[in-house]
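Structure incoming, see below.
For reference, chains read A, B, C and D in written order, and residue numbers begin at 1 within each chain.
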Amino acid sequence: MAHRWGMVVDLDKCTGCEACVTACHAENNIPTAGATEAGRGRAMHWLRVERYWEGDFPDVKVKFKPVMCQHCDNAPCEAVCPTYASHQTDEGLNAQVYNRCIGTRYCANACSYNVRFFNFFNPQWEKPLQLQLNPDVSVREVGVMEKCTFCVQRIKSGKSAAKADGRELKDGDIQPACVQSCPAGAIIFGDLNDHESRAARLTHSPRGTKLLEDEGTEPKVTYLQRQSWNEPDTQ
Amino acid sequence: MNRTRNNPLADDLIRPLLHTSVWFYGAVLVLATIVLCGAAAWAYQVWYGIGVAGINWPVFWGFYLTNFVFWIGISHAGTLISAILRLVNARWRRPVTRCAEVITVFALMIGATFPIIHLGKPWLFFWLAPYPSAREIWPNFRSPLVWDFFAINTYLTGSLLFLILPMIPDFAVIRDRSSGLRRRIYGTLALGWQGTTTQWHRLEAAMQIMAVAIIPVAVSVHTIVSFDFSMAHVPMWHSTIFGPYFVAGAIFSGIAALIIAMAALRRTLRLHAYLHPLHFDNLAKLLLLMSLLWGYFVFSERLTVWYGNQPSEMAVFWATQRGEYASLYWTMVFCNFIIPVGILSFRRLRTLPGIVLVSCGVLVGMWLERFLIIVPGLANKPLSYSWGTYSPQPTEIVIMVATFAAMALLYMLFSKVVPIISIWEMKVGNQPHPALPADEEEEQQGLWRARP
Amino acid sequence: MTPMDRRRFFKITAITGTTAALASCGNPENQIVRFIPDEELTPGVAVWKPSVCPLCAAGCGVTARVMDGDAEVFRSGQPGVTRMGLVRKLEGDPEHPLSKGRLCVRGQAAVQVTYHPDRLVAPQRRSGDRGSGQFTEITWDEALSVLVERLDATAAAPAQLAVLSRPRRGRRHELVAEFLRRFGAPAPVSFEIFDDAVLRRANDLSFGRHQLPTFDLARTSYLLNFGADLLGTWNSPLAHSVAYGAMRQGRGGSRPKFVQVEPRMSQTGASADEWLAVRPGTEGALALGLAHVVMKAGLRPADGGGRAGAQIEGWSGGLPAFTPEAVEKETGVSAERIERLAREFASYGPAVAVIGGAPLAQTNGLAQALAVNALNALVGSVGVEGGVSFMPQGPVPAAPARTLREALAAAPPQVLLLDDANPVFAAPAAWKVRDWLRQVPFIASFGSFIDETSALADLILPDHSFLESWVESAPESGAATAVATVAGPAMRPLYDTRSMPDVLLDAGRRLKTPLAPALPWQTFEEMLQAPAAEPAPVAAAPARSTAAAAPTAWRAPELDGSAGEYPFQFMPYPSQALFDGSLAHLPWLQELPDPLTTAMWSSWVELNVRTAETLGIADGDVVEVASAHGSLRAPVVISPGIGPDAAAMPVGQGHETFTRYASGRGANPLAILAPVAEPSTGQLAWAATRVKITRISGADGSLILFAGATRERPDHTRGRG
Amino acid sequence: MNAVYALYDNPAAVQRAVDGLRAAGVADADIQIMSSEPFEEYEFGHKDSASWIHWIAGLGGITGLTAAYLLTSLTQQAWPLRTSGMPIVAPWPNLIVIFEMTMLGAILATVLTLFVSAKLPRRLPPLYDTEVSDGYILVGVQRTSGQPLGDVTAALEAVGEGRVKHVGR
């Protein structure tokens, strides 16, 4: 059976530390916008940790929510693309084909989660920062939309490594950069078609919710809600 | 009834083609400079990247798409109105049709450049066209942008033909009345037109069919432009009212543009004898009707959102109603509803200056309407963490100004090469009844009064 | 020069086998020197090499992903290109007991240290005035002879040599200390603004361990944290976070409770189940209040506190001064809440209390730490599963004899060597570090970048980056077992840099009067491979000696500046991304949205919502923050997570000179701090300054936020509108 | 080729001329009338009217519809890419493209029919007079060289006004 990649984010574990954010930058050659451009809303974070305040001082709470491309089954970004740059792959990834993108930015508008980022200029790495670039990931040129790929390069190399070793792909063989770095282990990635995988099992957790569920986008990222403390029964 | 050489009609209408004032050259120079500035701004943007515009995350569409919708809206002045008037055989349409249809063609051409200007990679714009562009993949027919391509393509083709076909007999007139190079040029353009009864009949029949065909196309064009927005899950975009709302708005702004163009023509080309107060008055009544219709749509849209009380929609609602965009919003309501209804409802106020003033206001208001549809929705999508804002940058403003200059320039140049009022249609109009002699009286006296 | 033909090129290559020059196609001005690679890498295939993250004291093990690539290098005074193994990404080392395959946000960005565009590629000699930042490139031979000449000149008065570094552990620091000792110079001076000397001192008193504690978060059932940003920047944040993940989910039974007590919500506080705002500097009073309730309710006997309890005045009498009502008055936490928390803490063990960061950076810091230690001891959480323990260690390296404050009080030395410390930026302006340094006749820096302190140097001897050199760490906390990590270079050096320990060893050999006895190693690598001293067997549970020390009384903190003139307590805090400012040069970290404000590339002052309202300040407005010792300007972020009489500000920005990414950006809150110290350690009490705040102007665009709105459901519904 | 024509300045005279020519036995198809405007109020203005042009337009529309249907469905199946969970051949969006191409087909067919049936473009034939553009109406008959035109000339002159002119001969 074909793979169907999915992710689970345990909000009870997430500490908002943003290790995933930098890991994503490092893995995926995401350009740094710089202060001026960041001030004009051009900072690119394929993965961001949303923070919301609840209540007022002193009874205040904070909610962290890492938001990346939700790889929706019914992704609103796909159909609106005139060139099929955005489409669904056989493994359930919401793919963005950079070569086919002409920069209408329609997909980014259609995306309910605002997880698509646009190359307003040709990306630049001041020498020798280009040496940090990951050779497995292409650098996107001006006018191209980009977003979280679930580290498709890692999926590919994980599959080919398993094939080279002549074995089946196991749960946990493939870890996107954010999953690998997450100190608290709050992000879990796996094959949703493999019912034994951690991701598949956690997807059905009673704590599981989808982001903006009522938009009907059928995301493949599940958020496990934060729990509250219940006073244990003291004998 | 003298129908031949002594009739000043053809002379009047061809005169602008033969005599050109210094003012014309001056104006062309100024407008062409502005257009070149716009071209330079675009070149700058292509060179450095679309980032020189003010668009950002999450407001990925800004001035360019606003202008796109605005100009496509303006294009609804011409062919659609002209086709409707032709079908209902409104006699007063005759001097109006061509100057209206020209607006359609040029506005469409200008409007259609904006989706290209706004592309991240404009050098690949032709990938929107239906051909197997990259790796044998055809465009995605599910994308409203591809629908746009088809709709604009059909409407532009139709409008262009609708404009050009009735020009052929007029070219023949110019051919027959000129000599030398001009005769050869217009001779070619006239395609050997003789004016045989067969030709006249075929032309009339073709125009009749085209008029029937172009009306649904025009309606579909702005509906499809509205689909660019209503197909996306952006708060206050995803609305079924958008089709008719956009079409009504388009006609509304189109009529305003037509009134301004006609007033300008009347003054600069001294066409007082042809563009009568009646024409303006009729168009003003149409404008009033569209203003009321627009108000009705806006009210319906706002009421349903307010009543529905969905948080993400209400965020946009309040951002426009009383937040960041409130000043623009209320200016829009003022220009599109309060002023037009306030002035055009009263016969006494429905004077030429009044009508032109209202029309200018409507253009401003309708431009703002498009801006207020596009930007606040994108800036306030459901995840409030990703809310943003937008401010236009010089490149966008220069390009926008340049397109207005381009419209004026094209219009002026057109009026220099083609009679802006269809000669033969005017003649036909004169056949059974002499047209409104009273008007001419008034014109001679330089008076302008509302007609009883 | 005759253009080199192909045949001759091969000949030279064959003869020398190391480096050769190749003229580029007939363009003599534009020569590309291509160095011959000397390592075998399969193109496109990644190799993983271990390393150690040097960015904070935690000492986490990392693995570096190395792939080949063309690098522009600078070798032997010549720029050129070579194909070499390049580190592309850092990951946590799965085998490492601290990182367990994970890596924190700063560690992820550490790779940019190596590839920073403003990294020094060769030794530099000052060519302009001191502090002008003008340097000229020189060769290592020149640089070393200058250094050795200076050292020789000081040999007559060896006490005039000083080294200023960070208080880190490990063999590199041992080497430096050894060098100084054999030279006859005093022990190194160490400085780190966010050092935990107060906590080490308290642990020494309470538990006989001069060491930072390790918390068994994974198995605790109740975590009570007084102000420590333990998931963000404090102590061993990565190890804490790994354990925190296990604590939250991933073990059966009931879910533990996490209570955070602090005056300003930190990233750690944001994850708490219960967040208590407390008056700054009164955390200890709350801890004692809890202990009072526990003892009074008979949940635990007073002697459970043991040695730790004995450190607290009035402990054995049940802390009569710390009734819930009295503590409510002191801390602002309601008496009922204190009662409830105390019962919870004592009932749902294993429970652990943590203190760190700002609560200890007060004049009463030691008493605060002792109070929390005693609370832990009272509920029996010391040395048990789910409690607090101390990592077994080898003989703890002798604590640096001198703090920077002590050194500043003395006359400046003749020769000062700077290693990885930037006190001109990180010490309060009131310490006048810059003036002191200007009086030092000769300063040499081993830094890779020109920062505020090395800008004053006469000589810069750039060190390798950590990926290019032998690295090691000997963390003092973060795991239950002893951890020592050593790793070789993950890649060859890009530039004409040299490992600082090797330079010291080399200089030592070149001295006119050799070191006596001479250092036994030729290189740092040799030192690392030499057998280290066996770790002394230390029981996981700390020994409880009964050594009596005078009990300490908790007293309210003394703040600098009168409450009338300076109404706000100023709370600088280490930034999640930029830490103490030493990471402000890394673009990834500059562009990282702050977890709580989402600010990037900016400085800001956090003010309470009502405070801002009273002062007529809107988000982004620029204010002046003035203490009795200086003032700064920064934009305001209005926050619901801070008390009305406090103003918080992240440390990290405000560099004058620190590469293109950090220079001239934002303001440095450390500069305006009062030179108030915690008396027992002399550590700067960086949370003990009062400030006043004046609105200067509207938003000037210097505050760059990533998020558009701060609430998930802003009030936009029909009824409210 | 030779031809004779007359220029009249009012349509009533033209109608009389046409009637006269018919009476003289000239076939309707041979009578050519040229004017600078259509005259729908007169019988001669309805010469050659035909309604089949509408059918051609309809045919054009059907062609456009078929082409659009094939274009959309075949290309979608040629490389079946999934987007937004929609079916590979997505009927609703395709209807829009089909509609536009239908209308385009009808419009193009109409224009094509106009050009073909009105014999445009062409070189201006000899039987023409630029005075047509001044508002005169031309009535003429053209015959192959050598055939006499006396009957026509007589009929045209019988109208009593207008100027009779000869071409060729």
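As a working rule, a contact is a pair of C-beta atoms (placed from the backbone, for glycine too) under 8 Å apart; a residue touches a chain by one contact, two chains touch by 3 or more.
Just so it is clear, the model here is predicted, and its values are computed rather than measured.
Measuring from the average of all protein CA coordinates, the nearest chain centre is that of A.
More C-beta pairs touch across one of B-D and A-B than the other; that pair is B-D. Per-chain CA centroids place chain A at a distance of 30 Å from chain C. In this assembly, the C-alpha centroid of chain A lies 44 Å from the C-alpha centroid of chain B. In whole angstrom, the spacing between the mean C-alpha positions of chain B and chain C is 64. Touching of two or more other chains is recorded for residues 58, 137, 140, 142-143, 146, 384-386, 388-389 of chain B. Residue positions 598, 707, 711-712 of chain C each touch two or more of the other chains. Under the contact definition stated at the top, the residues of chain A that touch 2 or more other chains are 43, 48, 50-52, 76, 79-81, 84.
Interface residues of chain A, counted against chain B in their complex, comprise 37, 40-44, 48, 50-52, 65, 67, 76, 79-84, 99-106, 108-110, 112-114, 117-122, 142-145, 211-212, 215, 217. Chain B makes touch with chain D in their complex at residues 1-5, 7, 10, 130, 132, 136-138, 140-143, 146-147, 150-151, 153-154, 157-158, 161, 165, 168-169, 172-173, 175-177, 187, 190-206, 209-210, 213-214, 216-217, 220, 224, 227, 423-424, 427-428, 431-432. Partner chain D is touched in their complex by these residues of chain A: 73-81, 84, 86-88, 218. On chain B, the positions that touch chain A within their shared complex are 48-51, 54-61, 115, 118-122, 124-125, 127-128, 133-134, 137, 139-140, 142-146, 149, 228, 231-234, 378, 381-386, 388-389. Listed in rising order, the residues of chain B touching chain C in the complex are 58, 306-307, 309, 311, 314-315, 317-318, 321-322, 379, 384-389.
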